[in-house]
Structures are given as C-alpha cells and as structure tokens.
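Each of the next two complexes has subunit A plus one more chain, namely subunit B in the first and subunit C in the second.
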Partner chain A sequence: MNLATFIQLLVGGISIGALYALPALGISLIWNAAGVFNFANGEFVMISSYLMYSMLVGRKMPFLAALPITLCIMFFLGVATEKTIVYTLRRQNASPVKALVSFIALSIFLRNAARFVWGTAPRTIPNPFGAKPIEMLPEVFIMPHALWILGISLLMMAGLLVLFRWTKIGVAMRATTQNRTVAALMGVNTNRMVSLVFGLSSMVAALAGALSGAVFFITLEMSVMFGLKAFTSNIIGGFGNPLGAIVGGLLLGVVETLGASFVSSHYKDVITFSLLLFFLLFRPKGLFKLEIAEKL
Partner chain B sequence: MRPERLKAIAIVFGLLAAAPLFLPNRYYVYIFNRGFANALAVIGLVILFGMGGQISLGHIAFFTLGAYTSAIFSVRLGWPSAAAVLAGVALASIWGAFLSVPAFKLSGPFLSICTVAFGEVVRLLTINLVSLTNGPYGFYGIPSLILFGRRIGSEKAWYFLLWSLLVFAILAAARLKRSYIGRALAAIREDETAAEVMGINVRAMKTLAFVCAAFCAGLAGALYAHMSGFLSPESFTGEQSFSLFSMTVVGGQESVLGGVAAGVALTLLPELMRFLQEYYIMIFSLIVLLIVLLPLESMMERAKMWMAGLAREGGKVPWGRCSK
Partner chain C sequence: MKGFLKILAVAVLVLMVLAGTLSAQNLRIVCIVTALTGSVAQNGEYITRGINMALDEVNAKGGVRGQKLEVVFLDDQAKASEAINAVKKAIYDLNTPVILGSDWSGLVLASMQIAADEGIPQLVTATNVQITSQGIPTIFRLRANDSVAAEILAKYVNDQGYKKIGIMFTNEDYGRGFADETSNYLAKLDNKPAVIESCNLGDSDFTAQILSFKNSGVDVILALGKEIELAKFLRQTRELGVDTPVFGGSPMGLDYVVELAGGAMEGVRIVTHFLPTDPEPRIQDWVQRYEALYNGQEPTTHALAYYDAVHLVAKVMEECGTSPQDIARGLREVNYQGVQSWFRGSPTGDLVNKQVIGEFKDGKWHVVAVLGD
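Let's turn to the complex of A and B:
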C-alpha cells in the first residue's frame, strides 16, 4: 500500500465517519436534554433515506429541493416522538427501564413500518454529486461525494454550534438541559425546548440519511447499522458529550475503512462491535474524560 | 397462590397435555412445539429481565449458540444427540456467564446495546464461519434426538417432551422467584446500591441470572435444532430477539406463567392469522409500546373505584335524580 491509496482511504473514511457523527450528535443532544437514550435514531436515518429515495426516484425531484423537504418532515417526526412518547413517560414519572423499553419498541415499529411502505428490496438513488473522481494531489483521486458529505456535515455542525452558543433560543435549550426546574423558573418554556431538541436531533440524523444514499444501498438493515455505529461513536467520545460524539464518529469511520481494506471487508462490522465492547468494558467514559463537555 | 387458581392452572396444563390428540393435523402440533420452545426461552428472560431488571436484546444469540453447537457436535463430531444437546446448553450457559461481565458495570441502554452487539456478532459468525455452520445455505441433516434409547422423531413425541420440560421449567422458575435468589434479584432491580448494602452479592446474582437465561434459551435452541433438523441464520435475527423480549413484556415481565402464555400465544398468532405473517413484528412492537405507555395500573385502580362506587350507591341509576 502506497501513500496515495492511504490518503484516499483516509478521506473516504472521514467522510463515512461524518455520516456516523451526525446521528451520534443527535443521540447526545437528546440524552442531555431529556435523559433518555433514543434507540430509534438509526430508524430516523433510514426513514430519511427512504424519503429521499421516494422524492428523487419516485417524484423525480431535484436533490436540492428534496433535501430540505426531507429535513422538515423528519423535524416534525422528532417533535411528534417527543410529544407522544417522552411527554407521556415524563407525566407518569416512569422508570428509566420503561423509557428504554418504549424506545426499543418504537425503533422496531418504525423499521417494520418502513418495510410496510417501501418493501424489503434494497434501493439506490443516483449519486447527486457525480461519479467522476477528482485528482486532488498528484495520483490521489477522491470521489466528489466524499468532499460534499464532509462539507455539508461540517456546515450543519457549525450551524448547530452557532444556534446553541449565540442565539437566545439556544441558550434557553442549554439552560433546559442543565437544570430543568431553574430554567422553567426563569421563564423558559421547557416542554417546548425539549420538543425542539428532539426535532433538531432528528433533523441532524436525517441529514446523515439523506447524504448516505450517495454511498450506501438504502436497506432496512441500515437502521441497525447506523443505530449501533452512532452509539459506538458516542461511547468512544464519552457518552453525552457532543464534541466527543463527532470525534468518535470520524474516528470510527476511519478505523472501519482502514480495517476493511487491511483485514477483510466481511469482518467490517465485527471490528466495530469489538471496538464497542472494548470501550464499554475498559473505558466506559470514552477517549476523553468529560473535561471537554464543559466547554461546549 | 390460592388453591382455586392453582386448580385452574393445573386444568389448563392438563388440557394442553391432551391437546395433540385433538389437533387436526401434525402442522398444528409442530406450531405448538415452536411455541413451547419459545416459551422456554421466555422463562429465561423473565428471570433475567422481569426479576433482575437486566435487558437482553440479543437473546436469540443464546438460542443460536445452543442450536448450532448441538448440531455441529452431533453432525461434524458424531456425538450422540443427547450429549450434543448438553454440550450446546453448556456452551450457551458459559457465554451467558461471560455476558454478565459487562453487566457488572453497565446498566440501562449501555447494557442493552452490549447485548445487541453480542447478538449481532453471533449472527455474523454463523453466516461467515462457513466451514463450521455452512453459512447462509443453512445447516441441514441434523439427526433427531435419542433419549434413553428411544428415538424422538414424531411431532407428538416432541410435543410431550417439550411440554414436560416446560412444566418443569415453570415450577423451577416459580420456586426461584420465591427463593432468596429471586428476592435478591428483585432488590437489585429496584436499587442496586441498596441491595449491595443489604449484603447481596450483586455480581454473583447477575451472573446467575444471565446463566439461567442463557441456559433456558440454549436448551430451547438445542432442542429446536434436533426438532426441525435444519438451521438457517435467517431465522435467528435481531427481530427474533425482539419478539422474545416482547413476549416477556406482554406476559407481564415478572410473571412466569404470563411469559409462558404470551410466548405460546404470540408464536401461534402469526401462524393462525396468515395475513399477519409479514407484519406481526410491527403489531408486537405497537402492543409493547401501548402496554408501556398506557397507565394500565391506574386505569385498573380507577375502574375498581368506579365499580366500588356503583356498589355503594346500591345500584341507583344516575338519571334517577331527574325524576324527583
């Protein structure tokens, strides 16, 4: 293996890692805001992929029109999830196990509902970014979708950062996350803020789904794959740490791509799961201890 | 338990024992056998999740381990089938003990993802270790079970074997629930720290719960391998894990009999209603969601209070007041 191939693999790995980082970010947002683990995150990714498929292939819509519509639909799906499930659980003052069971059931329900609507056959969408590799450096060819995915994901993350840091609504969301009672006393409508965080998180996951159509087949299994990988990214970066989730996702993408080319692509997922089990058993707090969490 | 209830349960199980004589054809007996095998696995989950509060979402992995180990030992190594079944159960139990190690530190979503990952790894290995498991083509030609010199081949023979094992497992699990172990597990489920302070060996109890669960699932799997004679990775997916889990939840989590009833019923239901075949998991998940989200207990309480209120008013009709 020469340097050029290595760089190509690295860039490909980072772009796939960005796709894992987005739903991972969604999971950590919800974990911080509502204290529940969104088991159905992978299903959100899958449903947005299928929505893109329906719009691009079924309705022949342009990519730039389909993307915002998908994100909007998924935003409202996230809000609906909060209004039905999380709100009910909170009103009952339910135990964490109950919350977990209901999210597991939701994820299975969404997966089978998607099967009901779109069937089991794998779908593909035409690569919206073109299939002609670009020669970035001499002898280093990079697919345009890798750069586009990376760019759009970074844009989304930067947008979220601006929203959470410098807008009033972002401050209100952060206050709700930190201490719900005090935030409510300060005049923040905490119920609405939690709904909003759910909507945002679902939208971020949906972006990953919409972009992943360019790289992966759209199948029902991708929900499990994305769910597990987003969770693994979170564990690698330290659970509930948004920046850690992003770094963990990028790292996972790189390790997986390199592992697939060095070892065997059959065992790609086994590498991920072994990494997950290793971190859960030996470093449950993730790569970085929680110092970084204070800064974001 | 009240004697009338005990009597009713005994009658139900007696009727079940006589059922194969009345069932119209062998296919129905076969479905009942599948239901009994699932119920056996569900008993393990009742101990693990219902009593101990530890979520396992990769439970079919133990079933798979038991099934494939037993098949490999009896076909590739030529062991007698009864010994192969024991080997399968033993391997599943050992892996159950291993899987309890993450449960020492982890709980909630972290533990359940761990079990999902375990289930996926086992599934991927059954697909990829082609030389051992014959991979995606499926493992066929598994000999039927020979127990005490008698060959158990017909559906009816399997029915009686599984029925008696199930009754035995129910009695054992019910006994376990009322013993020190069951109470210790309930204490761990409610509050782990408090349980530890009370002098319960939390780690040993968790390991025990996992081993019990893996034992039940492994036994069910090993028997299933010899019963059907054919194994395919297709039939051991994450969806199956979820359907075992939903049987436990539908049966009321803690109740052994409830779990068994749900296990048998939810296996029979998709078979009897063919139009559900494709979508039964969707319906299961919806049922689980409703059971968890609807405040069933307080609804029952309110209904009881309402009934009591009616009885106190002496059957006075509400519109009686208008005539005055």
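Let's turn to the complex of A and C:
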C-alpha cells in the first residue's frame, strides 16, 4: 500500500462518510427535538434522490436549480410528517413503541409510494460534477464528486451550526429540545419549533439523497442501506449528539473503505458492523456523550 | 325490497360458484418470480412478459389437453424467507403440479428441498452448479449452469493471452459460485487468478477493490455477479481511469445494466444465455414478435427463458399428462427445440448447454461466438 493509494482511499472514505453523516445528523436532530427515532430517514434520502432524477432527467433542469427545489420540497415533507404523525402521537401521549411502529409504517409507505411513482427500475443521473478524475498529487486520482460532496456537506453542517448557535430561532429550537416546558413558558412556540426541526432534518437527509443520487444509482433499496448506516453512525458517535452523528458517519465511511482495502473486501460489512458491536458492548454512549445529559 | 335482496344474494352466490367452476377448468401452474417488488423488480417484469406472451400463444392454439393454461405469479421479493413461503403456498394452497422457479441461485437453494420432498417438479433458471448436483430427480434447469459458463469464460480469457487475472464478484450464491468455478478452471489451465475481490449487495463505493486491481497490475478483470453492483463497479472503474479489459456473466447483458453503466460498458465481453442481436433466424423471428408486442422494447434473457419454459411445460403436459409425476417423467426425457436453445433431458436435470459470447461495441451487444446448441 503506497501513500498515493492511501490518500485516495481516505478521500473516498470521507466523502462516503459525509453521505452517512447527513442522514445520521437528521436522525439525531429529530431524536433531540421530538424524542422519536425516525425510522423513515433512509426513505427521505431515497425520495430526494428520485426527485432529483425527475428534475434533472425528466425536466432537464440544471443541477444547481434542482438541488434547492428538492431541498425545499423535502423540508415541507418533513414538516408535514411532524404535523400529521408526530403531532398526533404527542397529543395522544403515545408510548415510544407506538411511535416507533408509526415510523416503520411510514418508511414502508414511502418506499412503496416511490415504487408507485417512479417504478422499479434502478435509475441513474449523469454525474453533474464531471466524470473525469482530478490528479491532485502525482498518482492520486480523486473524483470531483468526492470533493463536491465534502464541500456541500460541510457547508450545510456549518450553516446548521450558525443557525443553532447564533440565531434567535436556532436558540429557540435548542431550548425546545432541551426542555420543552420551560421553553414554552419563555414564550417559545414549541410546536412550531419541533416542526421546523423536522423540516431541517428532512432537508439534511435530502442533501445526502440528492448528492448520492447524482453519483451512484437510485434504487428503492438504497433507503435501507442509508437507514442502517445512519443508525450505526449515531451509535458510534453517541445517540442524540449532532457532532457525534457527523463524526460517527465520517468514521464509518473511512473504516469501511480502508478496511475493505487493508483487510479484504470480502469482510467489508463484517468490519463495519464489528465496529457497531464494539461500541454497543464497550462504549454504548458512543464517542461523544450528549451535552444535555451531562448537565442533568 | 327484502325479496329483491334475496334474489340478489342468490344471484351473487350462483355467479361465485360459476366463476369457481370456470376458473377450475383452467389448468393452473405457479411461477415464483424474482421479483415483482424489491431491487430486481425489473427482472420480474421481464419474466412476466415472457410468460404472458407464451401463454397467449399456447391458449390461442387451444391450451393444454383442451384446458386453458393459466400461470399464477408469486413474488419472492428476492428474499430467501419469501421464496420458501411462496413454494409452500404454491404446493399446499394452490396445488400446482409444477413450479416455474426463481432465477436467483440463493433463493432456489433455500427453497428447492420443500418442493423436492413433495415430488413437485421445478423448472429454474438459476445457474449455481449445486442446484443440480444434489441428486434431486425433480429439479430441471433451463439455462446452462455456471460450470459451463465458467469453463467457457476461463478458456476464452486464457486463449486471449491474459496472464494476470483479477476476479470481482458479488458476495451471494450466484456470484460466489461463478467466481469459484472460474477460479478452478483457470487453475487447471495453470493461470490462477492473481487477485480476487468481492462486494456485498447494496454497496455503492468500490474504490478499495478498484485500487487493489490497479495496484496489482492485473491485465483483465472478470466481473461476476449481480446486475446493479457490477454496473456501479464498472462505471467507477472507468471513472478512476482504470481501462483494464472487463469480462462478465449474463447479468451484464441486461439493458438496464448497460444504461446504468453508461459509456463504461464499451468493450466489455460477456458469456451469456441469449443476446437479442443473435443472427439465428429462429431467435430474430421471436425478437421481432416480442418487440411488436411490447412497444419495441428489447427482450432479455429472462423473458426468453420463461417464454420457453411455458412452451416446454405445455408440451410436456400435452404429451405426458398433467400430474407432477407425469411432468417430471416428461422433462427427464424431453427433446425440444425452444427459441433460446435445445432442451434435452439429462441425468442431473440440466436441460441446456448453450452459451453465447457477446461484445458491447458502438452501443450494442454483438455475438462473437455461440457454443453448444
């Protein structure tokens, strides 16, 4: 293994990791805001891929126009999910099991709805970032999409950070997440905040879908893969911790790619899910503990 | 009003009984399709098209023994558990005398014993060698098995002068079986593969495998296994600037795999069961009829294999009888020229030995050689 190969693998691993990190972040945001595990997160990723397909291939729109439209549609889908399912569950004071089953039902519904709308054939979008690799260093070939995925994902994450840290609405969202009763007493419209978090989470997952759809193929089954990897990222990073979800996703992508290369591609998933088992057994709280838990 | 309701109820009952007897007059067999839903639902669509086309032809000629032939489709969702359920349903609920089985080796291997125990003949298109090597007298295969394909592929690659061979396979029964068989034949030719890599179904990124091939300097890559993953692998191989020649198996020949792989398919050679560009007049005639029926869409190996299967079963039932025993006996002795190939009874149940070598050039598959008949 020479250095050039290592760098190439590392960049590939990080960019795949970024695609895992985005839905993982989405799950984490919702977990904090509403206390439910969004089982349908992988389906949000898949649907946004198909939306991109419809716009890029069906309507011949440019990538940069299709991306914001997809993100907007998915934002409203997220809000709609909250307004219908989560709000009803909250009003009923439903048990966590009921919430989980509702989300499993939503995931099955969305997958089959997508099958109804887009059919069963796998789809592909012409790679908008160009299909020619860039030779960054001698012998180090990096696909332009790896850099774009990284760049756009980091931009989205930075945007979320700014929103949560330095804007009034972000602070209100965080307050709702940490203690809904107190936030309501302080005059925060907590219902609206939870809806907004759902919209944001759906939008973050949609970004992963839009980017991966442009680079890989779009299949109905991609939702299962993304759902599983996002869940694993959350466990590795620490459930409910947004930073943990991001680091967990990146780590998962890198370990997967390097493991397949250093050990053997035959054991790729063995390595990935050994990592999950390791964290579940020896560090169930993940790499980063939840800040709020520490404050209690 | 009450009187009217009574009459209506009786009428509905009579209609239901009539409908029951009408459908009972049909000769019903079951096809377990991989899959009507799920990742390979496109294949399922091809299979049902081939079957429906053949059914119309059989029934237009008066059906089988004066009865209309009917096929019930069961979906196995490309999952072993569902395949087992489907086989059970076919045998115990639908009392089928014969099963047209899956084209996925793993699913057939998981579910075949249930039908075998009940003595129900199964016609499958899955190609893993183990399916017919277990001494089950009621299993029949409608395509050449992987051992035949592997031998042809190994010999062809060796004859072309490639000395450092890399194998990439999808880690499931078909891909692994095909890769093992090919490795064995290559070893016999004193040309053992230099690098063997694999991926799982659902994988998206193949950088690690591609760089392994690139760094070890293989002069040819044999990509053996399932459709979607190998299309991604092929596309990424070319994107990363690796232009090593690629050879593959029948899944690479499917139209949607070509579409997914984009320009990367150019120059790829495959060993397969059928190509729509095969100049054989019998095949061209069928291709034209298929395209006329399905709005110009090109037929695939799935459509043809199951088209032939229906005609084969209809012929055997017509000549030998409609019980499972009659059908199994008939298939053991069959000697029938279908569209795809000849179907000849054999001790193992392998009915076909034909393979086609194709090359993708200028956006189309071209037949390079036809082996067997």
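Here is the rule we go by: the second predicted complex is superposed on the first by the 276 of 296 C-alpha atoms of A that agree within 3 Å, B and C clash if a C-alpha of one lies under 4 Å from a C-alpha of the other, contacts with A are read in each partner's own complex, and residues count from 1 in each chain.
Basically, a contact is a pair of C-beta atoms (placed from the backbone, for glycine too) under 8 Å apart; a residue touches a chain by one contact, two chains touch by 3 or more.
Every value quoted in this text rests on a predicted model; they were computed, and no experiment measured them.
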| item | value |
| --- | --- |
| Subunit A as common anchor, with subunit B and subunit C clashing or fitting | clash |
| Partner chain in contact with A:216 - subunit B first, subunit C second, else both or neither | second |
| Which of subunit B and subunit C A:246 touches, first, second, both or neither | neither |
| First (subunit B), second (subunit C), both or neither touched by A:51 | neither |
| First, second, both or neither for A:92, with subunit B first and subunit C second | first |
| Subunit B versus subunit C as contact partner of A:133, first or second or both or neither | second |
| Which of subunit B and subunit C A:266 touches, first, second, both or neither | both |
| Touched partner set for A:79, first subunit B, second subunit C, both or neither | neither |
| Touching partner for A:122 - first (subunit B), second (subunit C), both, neither | second |
| Touching partner for A:100 - first (subunit B), second (subunit C), both, neither | first |
| Clash with subunit C, by subunit B stretch, listed 7-15, 223-231, 259-267 or 277-285 | 223-231 |
| Interface residues of subunit A shared between complexes with subunit B and subunit C | 115, 224, 266, 269 |
| Subunit C contact footprint on subunit A (complex, rising order) | 1-2, 5, 8-9, 12-13, 16, 115, 120-122, 124, 126-127, 131-133, 141, 143, 212, 216-217, 219-222, 224-225, 256-258, 260-261, 265-266, 268-269 |
| Subunit A-touching residues of subunit C, taken from the complex the two chains share | 37-39, 41-42, 44-45, 171, 197-200, 202-205, 207-209, 211-212, 215, 228, 231-232, 239-241, 256, 259-260, 262 |
| Touching residues on subunit B, where the partner in the complex is subunit A | 53, 55, 57, 101-102, 105-106, 108-110, 112-114, 116-118, 120-121, 124-125, 128, 238-239, 242, 245-246, 249, 279, 281-282, 284-286, 288-289, 292-293, 295 |
| List of subunit A residues in touch with subunit B within their complex | 37, 39, 84-85, 88-89, 92, 96-98, 100-102, 104-106, 108-109, 112-113, 115-116, 224, 228, 231, 235, 239, 266-267, 269-270, 273-274, 276-277, 280-281, 284 |
